[in-house]
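Following this line, the structures themselves.
Two complexes come next, and they have one chain in common, chain A, joined by chain B in the first and chain C in the second.
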Partner chain A sequence: MMRVRGWRKTVYHTALWLVALIFFAPIAWIILGAFKTRSGILATPPLLIFTPTLDNFIDLFSRRNIPGYFLNSFVMSLSAMVIAIVVSFMAAYAFSRFKPRITNFLMFMLLSIRMVPAVAVVVPVYLMYAAIGWKNSYIGLILFYAMFSIPFSVWILKGFLDGVSQRYDETALVNGGTRWHVLFRVVLPQVAPGLVAAFIFNLIFVWNEFLFNLILGGRDTTMIPVAFSTDLYSDGGLNWTFIAAMATAYMIPPIILVYVFQKYLLVGMTFGTVRGEV
Partner chain B sequence: MALAVEFQNVSKTYSGTKVLDQLSMQIEANTFTVLFGAPGSGKSVILRLLTGLEKPDRGRVMLRGEDATHIPPGDRNLGYVPQSFALYPHYKVADNIGYPLQLMGMPAAQRKPIVESAAESLKIAHLLDKKPDQLSGGEKQRVAIARGIVKHTDIFVLDDPLTGLDFKLREQLFDDLRAMRESLNATFIYTTSDALEALILAEQVIVFDSGWTIEAGKLETVYARPNHVRTMALLGFPEANLFDGTLENGVCHSPIGQFRAHTHLNGGAASVKIAARPQHLQFTPTDEMIVFDAEITLVEDLGGEFVAYLDARGLSLTALVRHADASELTEGRVRVGIQPEKLLLYDQDGYLIGQGAS
Partner chain C sequence: MADIRLEGVRKVFGGKVFAVRDLTLTFPSGSVTCLLGPSGCGKTTLMRMIAGLEEPTSGEIYFDNERVTHLSPSQRHIGMVFQYPVVYRGISVEENIALPLTHDKRLSPAERRARIESVLETLDLAPYAKRDVSTLDNGTRQKVAVAREVARQPRIILFDEPITNVDVSSKMQLKRALKRLVKQHSQTIIYVTHDQTEAMTLADEIALMRDGMIVQRGVPSEIYDHPSDRFGGWFLGNPGMNFIDYRLDNGALVGGLFAQPLRLNQTTEAHILVGIRPERLRVQTTPAPNWVPARVRRSAIVAGGQHLLTLEIDAITVKAKVPESLRVEEGETVYVACDPDDLTLFDADGHRLQARILA
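Right after this comes the complex of A and B.
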């Protein structure tokens, strides 16, 4: 029996590894490519053993506009998230505690907004932004991304807040705490995993966002995904070393984030229904 | 008689349901007052109004003789032990206990001795450096109580603080709570739906049923002669025996026999509810007792006492017997007696109208 089980286990593991490798292969190719020379990257069969070079990265970051794109991505996704999380936390608290009569309807609306495809809203938003004069402005994009992240964050956070007993709030209130004290000193520390989860989920969404950045953004507010599409071509063809280096640099921040906070992400994905252990 | 708390015609409606309807009650200062009622009888709402977490729709809430209806909870200066502990998981025990003082703006150095002496009095001084999730249920409870009493004030509100604890832990806390009430010389307002807790802890008891006060007073008085049949049914352990009878010309006809009754009713026949506490049924009847035959169907050992379940010609009764009389308790037919004056009579609306007479 043991032997059969051991044999099966080996098969499972081999299969899993195979699937993982197939999915990981393109990523490995692009990461390895970032360290290859221009001729090496397109060699057939692909070179697995080669002398790594950092030239591609040096070339990438010495381009006039590239550091700016990275900075844009960082600044906009982070500040949009900070706004979104603060607003969502307070909104979720209000939904969870004061239970306005239309809570369920509003929560449904929030979720269904998330279902609307981006292309459906991009034209009206564009017209609106053009009218306000927010095209190619930081504040415009940051607020847009914050707005886009709020519904999902409210959903995640409401789940977490519902899990925090109202007795905590009441104990603080009876002992003389203010509502702000309850929000930030009593409740917030208890939903930290939810905050982190909401933060990272949405951060990755903004980090990867292409369409709105392309339409609402402009030269000053370009983020990395759009920069990809506009800078891909140089020297009359696809510049593979540039692509590989930029893709690699682009991947690193989210990978680090997800790695560091992976346990929070799991909790976040279950909307706070799986608790403890964090 | 100074009043710590007074409700004057307080009404409260939640989404169309009247939870409290014109409720009035008074809680004397420096007493251990238990608000007693079945779950859902409105006790928690009363505490929420008392602490200021909710405002009444109508009526006034008076604290220390002054109208407090619109004073926010934090300014009412109450010690508070919430239901289900609510210890802050991100604070150490010491910080949990010191939390009310911290909110008052007391510096840490000043808090320390107060926290330590509160922990001392609840025998949890060794836990001060732990986090709440490292504690057992009973320890958490003690921490929650310590946090509730650490504030220097005269009114403490305890919202059913012993629910969910096993009997042994509760028993240990009973003594501590009473001792604490006396040493603080303050008013303790305590809600529970557990009759035994009410009987052990209360000096004063207020009995609630579906949002109104059935009766209030000294525990001994309320227990001995409940003014309402619901109090009789709720407040007592084991539950009181209740059965129907008819009263006619001063004589009560009941399934356990006839007996003369002192009531303020005269004349014609009236149906009544008869109540007898299990403690008053005896298996060694004497001459002046009402005596009837019954069958013992089950005997339950409570340790020091026995509960006997009886069947008296189709009427189910319970009797509580002390250990000494246990030899009488063999299953089968027995003769059961009760002093007629121990039988209380209630009218159809549930109000006390009199008692049996020998």
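Right after this comes the complex of A and C.
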């Protein structure tokens, strides 16, 4: 019996490793490439043993516009997320507690907004932004990303808030607290995992966003994904070491976030339903 | 301390479900009143209206002479303990109790400290003071929730079935702590429960509720011994009262439980329900004059080491609680008698009759 189980486990683990390797190979290639020379990166067969160089990173960050792209990515994704989380938390609280008559319909609408392919709304959004004059503006992009992140966050947070007994709210109200006190001092700490999950999921979405940044953004508001396409060429060809170095730098923040907050991401994916509490 | 006065309070949900029907009553200042009734009788709704968590459809609520009907919960200065222990996780027992106090600017730190110490003492929480509440069991968490409300010293404290969700072993302990607490403090307390033993032990007065109305109010023994309504007799006691249908024969109760006809002083009713508590029926194994024979259909052991017998007397079935020492087998014949003073008489609609049995 034990032996059968041990044998199955080996197969299972081998399969997992295989899948992980297949998925990880391109990432390994790009990370290794970032430390190679321009001739080394295109060598066939690929060089596995080589003398690493930091020249590519030095080149990357000494270009005038690159730090700006990184800054844009950081500022826009973080501020869009802060706005989205505050709004979603309050909206989810309202849905969870006051249960407006059309809650289910509204929640369905929210989700279906998120289901619409982004390309489908490019034209109307572009025309709106052009009319308002928000093209290539921070505020415009931040609000757009916040708007795009809210539906998903409301869904996650409503699941978490439904798991927090209303008796908490009522006790705090009876104890002399105001509704704001209830929201931010009593309920918020209890759904912290949900907030973190919603925050990270959407942050990664904005971090990776390309289409709207290309269409609605401009020279001042370019983020890293768009920068890849615009700063790709140099010396008449694809600059592979540049791409590799920027991709590596670009990957680091999400990797750190996911690593630090992985347990919240798991509860976030289950919409908070695993918290079978009061 | 404050008395709570309800005037014609009504709550209707969705236009047709009457949770509370036009209640007018006063909960006296400094007393413990238990609202007792089966699930769905409106007791929790009534409580939530007093707390301000639910607004009455009509009617007014007063604390002393202050009208509070439309005030928010926080403006009413009351305490409330819910069925589920509400505690703030991640902080210690002490911090949980201190939390609402820190917002009260009138309290000096010394006084705050003194209140916390005192309530920790009363509820046996001192050993847990520094523990994180998430590490405690539900019973202790509920104590913390109670302690937090008591420490605030509100004029009124509402308890909404605080013991229901606590496991059996902590139940007794929590009950004892609550009893000590209500003795020490003179706050006006309303305690909602569907557990009659809880109500009997804690209450100065019980208000028996059914279908959104108060059926009877009184001290526990009065409600138990003299239910004003068939419902009270049935709901209280475990099991509830026996009810036996009698057709009056020349103004007397004849047959069944009674070896001799029992004459009543008022004879306007044609039908009478005779109520008797199972523990008031006297049962013995040897025949005696004026004792009627009965066949034991079932015998079961109940809490307290007593036996619960299901007896058949002619066509009547009654339940009797007897001491364990009375050894009887199913199918055996026993002899039954009752004291006329232990009988409660109801009319056909289940309302208590003033009629007395003539000696």
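Criterion: the second predicted complex is superposed on the first by the 275 of 278 C-alpha atoms of A that agree within 3 Å, B and C clash if a C-alpha of one lies under 4 Å from a C-alpha of the other, contacts with A are read in each partner's own complex, and residues count from 1 in each chain.
Assume a contact is a pair of C-beta atoms (placed from the backbone, for glycine too) under 8 Å apart; a residue touches a chain by one contact, two chains touch by 3 or more.
Fair warning: this is a prediction, and the values are worked out from it, not measured in the lab.
Engineer: Should the pairing of chain B and chain C on chain A count as a clash or a fit in the superposition?
Structural biologist: Aligned on chain A, chain C clashes with chain B.
Engineer: Could you tell me if A:Val174 is touching chain B, chain C, both of them or neither one (first, second, both, neither)?
Structural biologist: Both partners, chain B and chain C.
Engineer: In the superposed arrangement, does A:Val186 touch chain B (first), chain C (second), both or neither?
Structural biologist: It touches chain B and chain C both.
Engineer: With both complexes superposed on chain A, which partner does A:Thr14 reach: first (chain B), second (chain C), both or neither?
Structural biologist: The answer is neither, since A:Thr14 touches no partner chain.
Engineer: Under the contact rule defined above, give the chain A residues that sit at the interface with chain B and also at the interface with chain C.
Structural biologist: In chain A, residues 165, 167-168, 170-171, 173-178, 186, 189-190 are touched by chain B and also by chain C.
Engineer: Along chain A, where are the residues that touch chain B in the complex?
Structural biologist: Within the complex, chain A contacts chain B at residues 165, 167-168, 170-178, 181, 186, 189-190.
Engineer: Within the complex, which stretch of chain C touches chain A?
Structural biologist: 51-53, 72-74, 76-80, 82-84, 86, 88-90, 99-100, 103-104, 145, 148-149, 152
Engineer: Applying the document's contact rule, which stretches of chain A touch chain C when the two form their complex?
Structural biologist: 165, 167-168, 170-171, 173-178, 186, 189-190, 278
Engineer: Name, in rising order, each residue of chain B that touches chain A in their complex.
Structural biologist: Against chain A, chain B makes touches at 51-53, 72-76, 78, 80, 82-86, 88-90, 99-100, 103-104, 147, 151, 157.
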